[in-house]
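Every chain is named by a letter (A, B, C, D and E) in the order it is written, and numbering of its residues begins at 1.
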Amino acid sequence: MTALTDDTLPVTPRAMRDEMIVFVVMALLLVAVPFSGIYPFFVMQALCFALLACAFNLLIGYGGLLSFGHAMFMGTAGYCSAHALKVWALPPELGILVGIVAAFGLSLITGFISIRRQGIYFSMITLALSQLLYFIYLQAPFTHGEDGIQGIPQGHMFGVLDLSKPTVLYYVVLVGFLAGFLLIYRIINSPFGEVLKSIRENEPRAISLGYRTDQYKFLAFVLSGTLAGFAGALKVFVAQNASLTDVHWTMSGEVVLMTLVGGLGTIFGPVVGAFAIIAMQQYLAGFGQWVTVIQGSIFVICVLTFRRGVVGEVAHYFRRSL
Amino acid sequence: MKKSIASLLLGTALAVTTAGAAFAQDKTVKIGALSDQSGLYADLGGPGSTLAAQMAVEDSGLAAKGWKIDIISGDHQNKPDIGTAIARQWFDVDKVDIIVDVPNSGVALAVNNVVKEKNGVYINSGAATSDLTNAQCSPNTVHWTYDTYMLAHTTGQALVKAGGDTWFFLTADYAFGAALERDTTAVITANGGKVVGGVKHPLNTPDFSSFLLQAQASKAKIIGLANAGGDTTNTIKQAAEFGIVKGGQKLAALLLFLTDVKAIGLETAQGLNFTETFYWDMNDQTRAFSKRFSEKMKNGAMPTMVQAGVYAGVRHYLKALDALGGNPHDGVKVVDKMKSMPTEDELFGKGEIQPNGRTIHNAYLFEVKKPSESKGPWDFYKLVGTVSGDQAFTPLSESKCALLKK
Amino acid sequence: MQALYAQLLVGLINGSFYALLSLGLAVIFGMLNIINFAHGALYMMGAFVAYFLLNLGGISYWWALLFAPIIVGIFGMILERTMLKFLTGLDHLYGLLLTFGIALIVQGVFQNFFGSSGLPYAIPDQLKGGMNLGFMFLPIYRGWVVIFSLVVCLATWFLIEKTRLGAYLRAATENPTLVRAFGINVPRMITLTYGLGVGLAALAGVLSAPINQVRPLMGADLIIVVFAVVVIGGMGSIMGSIITGFALGVIEGLTKYFYPEASNTVVFVLMVLVLLVKPTGLTGRAA
Amino acid sequence: MPETAMAEAPAKAATGGNILQVRNLEAWYGESHILHGINFEVNAGEVVTLLGRNGAGKTTTLKSIMGIIGKRAGSIKFNNQDIIRATSDKIARMGIAFCPEERGIFSSLDVRENLLLPPVVRPGGLPLEQIFDLFPNLKERLNSQGTKLSGGEQQMLAIARILRTGASFLMLDEPTEGLAPVIIQQIGHTIARLKKEGFTILLVEQNFRFASTVADRYYVVEHGKIIDGFSNAELAANMDKLHTYLGV
Amino acid sequence: MADEFILETEGLTKEFAGFFAVRDVALKVRRGSIHALIGPNGAGKTTCFNLLTKFLKPSAGKILYKGQDITSMAPADVARLGLVRSFQISAVFPHMTALENVRVALQRQHGSSFDFWRSKSVLNQFNDRARELLNDVGLSEFANTPAVEMAYGRKRALEIATTLALDPEMMLLDEPMAGMGHEDIDKIAALIKRISAKYTILMVEHNLSVVANLSDIITVLTRGQVLAQGHYSELTKDERVKEAYLGAGHA
């Protein structure tokens, strides 16, 4: 049995340096976006999904758990942030906080239920839970059903940053993304991350060392869900709406796709994957449902020939960990 | 579809070359037809709406007056995110002036905000939500064709007056269904009818048998379907299966399009009552338009009321531009001009645009013909009654639009 | 009380589809160790094939019941031979991802060509009309669906539990290597099994075509409910998935009567409850 | 009959009598290299036993012959046909039958189904009456679930089911493992009788006292190689050596 | 006497669908001893071992560790009490270096294992101790080698070093010499002898000779039951043991 992440490479001492270099390059590129003429809204959207994919990857790539319902955290945080901003008229920073707290609470509950089963059962359970939540949101009054929450005020962050200005908004989203990304990087390279890795590598052995592995997986689940919520809260400012799309299971599928394309268990893979998929959706929008067909084909191609994903293949070629 | 891709790509290329020229000449307009191109609403809007917009441009004769009008189309895939992203990009990059169609209330409302922010023009034809001209009304928006308020007031009123005084509702359990049920109930009670019961069903229910059994048991004369799309067609089919219509109860579909009737088939749909604001076989003018339209459609489909609304809306918009004589890029100004002119076209007849953006025109109550009465592949309806625009749509006194408080 | 009987019967009808679909999933899972995410898409294909047979070939519903599962089954076998086969020895999750991709492709293609709104498929003349059972008016077609799917489920059960072919199947589920070492062409059996499971899905599709519209997305949402059914029942036994399927259909039917707002969610809520009490599902073996 | 260690003298093998000829067989489990060049042969009608420690590569040798190991190299000739690239179902249909160490009784099948499971690959298999004659217990328990049998009965069932397929070359992996002496005795009698019936048997055994009652020749496997070989007659003389090899 | 015997079982039984893999086993492991559990293939050694380490649930019977009933405890919790097992197939974390392998074990007692906000550089405090342990098992030069790239015998040694890192009171070794050549066996045997000065060791082995000089006491298991118990010299004289090992057949 080959596990999902067996192709990832051992961390060599030089890896940290490589990762740092790539991170700096990535950050610089992103900082330069507003001066490049690239359409910033596209990049902002991609950044939100990249963060979501990174959070998702924390669970699958480092915890070995394939959640097929990760959109529920993004959607829940989106709805709660949107509600807080629009109805309670909270300032942006508190609105984001509300979203994160909501995703945190949801991940506690869903994690408690789903972590009891592994492998495909875990995937099916997370999928079913997200579908359950979808129907709840469809009927709950505060989400406004099909209409979604619209016209969300962007407001002034910390009272000074005017988020209705695209450039300001862009840098706020970028800072949010980089903060989230670094946090995930830290989690992976923390004492906790080390245990998580050992569980992924050889769970019976980790148990025999005295680790109650379910607790670690649970924490990974909660962290992943909460961070996915952070991505969802940020996205509210970009899209200025919160809708059912974000909690539908097709969105969860897209997150899986992004991570798979970029490379499961790689640090930068989900970012690359998110940009690739969002760009594809954006520029192939005229192709209608063929976008679905293309996405499906990418899934198939990735699974059959390209299991390491883009970044994974590159890393493998250069024998580096990225 | 191919056409829209080509025009999308072409449009992007053109935008670069023509953007500079636009300011000099000021008679360049770009229309974005934003619709569901392949999903649930593709048949009632979609490529047909783009075609309708093109026909409106051709029929306007503005090209002869030195105007340069381009149309690009986009697929919002029923996702508000994608809809707003496309709309934004159209305004920011492609320099689009007006967005038309946009079925799906969620996307429609989301796009509404973008258009307002960018000061464009927004002629919505495909969305049902009456919020567009109420709580979320915008000085940049005109809502053509229909809305939930109208649907409730026409069908409900007509049926109660015809003796259908006891109702049972099958309602889609979300905002749209609730609004339809609420508004229709008000009309029924106001007209002396009574709602004897109802059941809320979840969206996208494949099986309605449980709900239909309850409707059957209620013995109500009319079973009101406050749902849409696949839910409505499924309910109607399954009602036929359970012998509900044969048992003497009547179905009232509050929202039904020509393409739905086509999908259900006359055998099953016969005798259904519902309201539309346009039908191809109304008079010589509608027939002439529809014939031209259907010849250009790849499946030969007749226009739906949504597509007709796109045509009429674009025609009126171009009339306003013609009256302004140029400078089409200030959305509020153009919409104000549109509101100041009475609407009149071959499809909807005479009407007006209210200050909240609501277009007022006649609405018609139809009944689906028996298969034996149908003379052609699209010969589906017989006219039962006409409701004048001021009766059918939200009176200004009831509108919650902030624009009215000025 | 009468209304309750009616709802029970109506629930059984939905249960028929759950049972047929979860049965197919269980058969496939047993042999291939794959959760077939494409199951819903293949169910939809079954309905479409029936539609084409009728409208292009003039082939009636009755023959469609036979041909559609065979055609879709062959399509499934091609999928197995060209794609799924290469996942042997990899993590189960790859199977889930691959079949998810296949589902997207199949659904997307059908959506492109046939839109989303659906095509009508008439009830065959022999099954038109209904009968008054006293407590309800039962459309004959619906009664037929329940009886026919029960027969198919039991026949499948018999095939797997009581025949020599079934013995091969069960043995190969436990230890494919050894069965192959006895001289049985296990890869071919795996292909046929996938074809069988997929054929069951297609059969359910044909059965549902006259009740529902023939729509490209008819299986997409259904499959998630069936997943929940599978989680509740576990993948333990063939009989288990049949019984769980029918039982959940009935429970869902009752919910529609007592508290319709929850009828979309009741299966998922049940799943949560079962997981909390018995994490392995009702009849399940460990994953 | 070759009586010296075959590892050193492959050329000496007479091809005529060989039913099985293994040359330079290498095998891998995933990344670990288990067999490093196995050489031996089995003549028609013989009972040959592979001896060796746990993990030496005996079972892997059988599995390699059966074609159920991931990666193999070298040559395995069965009736002069190289089967190194054949799939296991093809190999089985050539007339090789395998009884695994863990017995492989299917728990979801009853005894009758287990017994009848392997398809008949060629004529000449033992008829059922004869099998029941060999293993009377099985006949009584035909309808019980396979894994409800005792360890001894399971072993008998595992042997019984490969006798009716018509395969003439049997590979038995530790048939006495974990069994009571009286059962072991019974299995010994069975093997002796099968030999008389004309079956060729390749046996893997730890219990060489048992092996000595049935085997014609022995090979000793260590580190994935054949390091020694001798006939039954030489067993006594090789006893000390064998104790070192096997660490008993 | 909880003091004298660190691990005791009473009537330990495991039944698989009618088949008794382990039946009514009473075992007493003396503190500080090397206790070997041997028997021919299929005697139930590994099942017994899995019962002791809680990876299997017994059908009947009791397990006492330091006088405490651990029969229904979770495996991780048993490990926390200082009863740590090894695996038959070498159990390492393949894509982590030898040093990291050992560190993961050292980290547990430190209590920082849920700290996801700290850098893993805090784990560097364990490096010295980890190197010491690697040194003990002769792996000092492999500290930065990923485990997957190490030879089989070294993986085994690494596994022991990782186990030692937990500072257990008792170690359960499952066929520590399985699949090894003579040279490696001697090394591991010496290692076990050395560490036995501090820990109680229960090892499962297939071969008598391997444990001959190593163990203080040997329990022989056949067909799931205890056949004999005693020192090597006593057991070699026992006819029943000979028979179990060499087989019946010859009268």
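Quick notes on this structure:
The rule we apply is simple: a contact is a pair of C-beta atoms (placed from the backbone, for glycine too) under 8 Å apart; a residue touches a chain by one contact, two chains touch by 3 or more.
All values derive from a computational prediction rather than experimental measurement.
With steps allowed only between chains in touch, the distance from subunit B over to subunit D comes to 2. Note on connectivity: the fewest chain-to-chain touch steps from subunit D to subunit E number 1. Any chain bridging subunit B and subunit E, meaning touching each of them, is among A; the list is complete.
Distance between Cα centroids is largest for the pairing of subunit E with B. Annotation: B-C is the more contact-rich of the chain pairs C-D and B-C, by number of C-beta pairs in contact. Seen from the Cα centre of subunit A, the chain whose own Cα centre is farthest off is D. Separating the centre of subunit A from that of subunit C, both taken as means of CA atoms, is a distance of 32 Å. One finds 42 Å separating the Cα centroids of subunit A and subunit E.
Taking the mean of the C-alpha atoms as each chain's centre, subunit A and subunit B sit 37 Å apart. If you average the CA atoms of subunit A and of subunit D, the two centres end up 54 Å from each other. Residue positions of subunit C with contacts to 2 or more other chains are 111-112, 221, 261, 264-265. Listed for subunit B are residues 1, 38-39, 42, 173, 202-203, each touching two or more other chains. Chains touching one another, given as pairs, are A-B, A-C, A-E, B-C, C-D, D-E. Interface residues of subunit C facing subunit D in the complex, by the touch rule stated above, are 164, 167-168, 170-171, 173-175, 177-186. By the touch criterion given at the top, residues 1-4, 66, 68, 113-114, 116-125, 127-129, 131-132, 135-136, 139, 249, 253, 256, 260, 288-293, 295-300, 302-304, 307 of subunit A touch subunit C in their complex. Of all the residues in subunit C, the ones that touch subunit A in their complex are 35, 83, 86-87, 89-98, 100-109, 111-112, 221, 224-225, 227-228, 230-231, 261, 264-265, 268-269, 271-272, 275-276, 279-280, 287. Of all the residues in subunit A, the ones that touch subunit E in their complex are 8-11, 13, 183, 186-187, 189-195, 197-198, 201-202, 204-213, 215-216, 219, 223. Per the touch definition, subunit B reaches subunit C in the complex via residues 1, 38-40, 42-43, 173, 199-207, 209-211, 213-214, 216-217, 229-230, 233-234, 237-238, 241-243, 247, 259-260, 263-265, 267-268.
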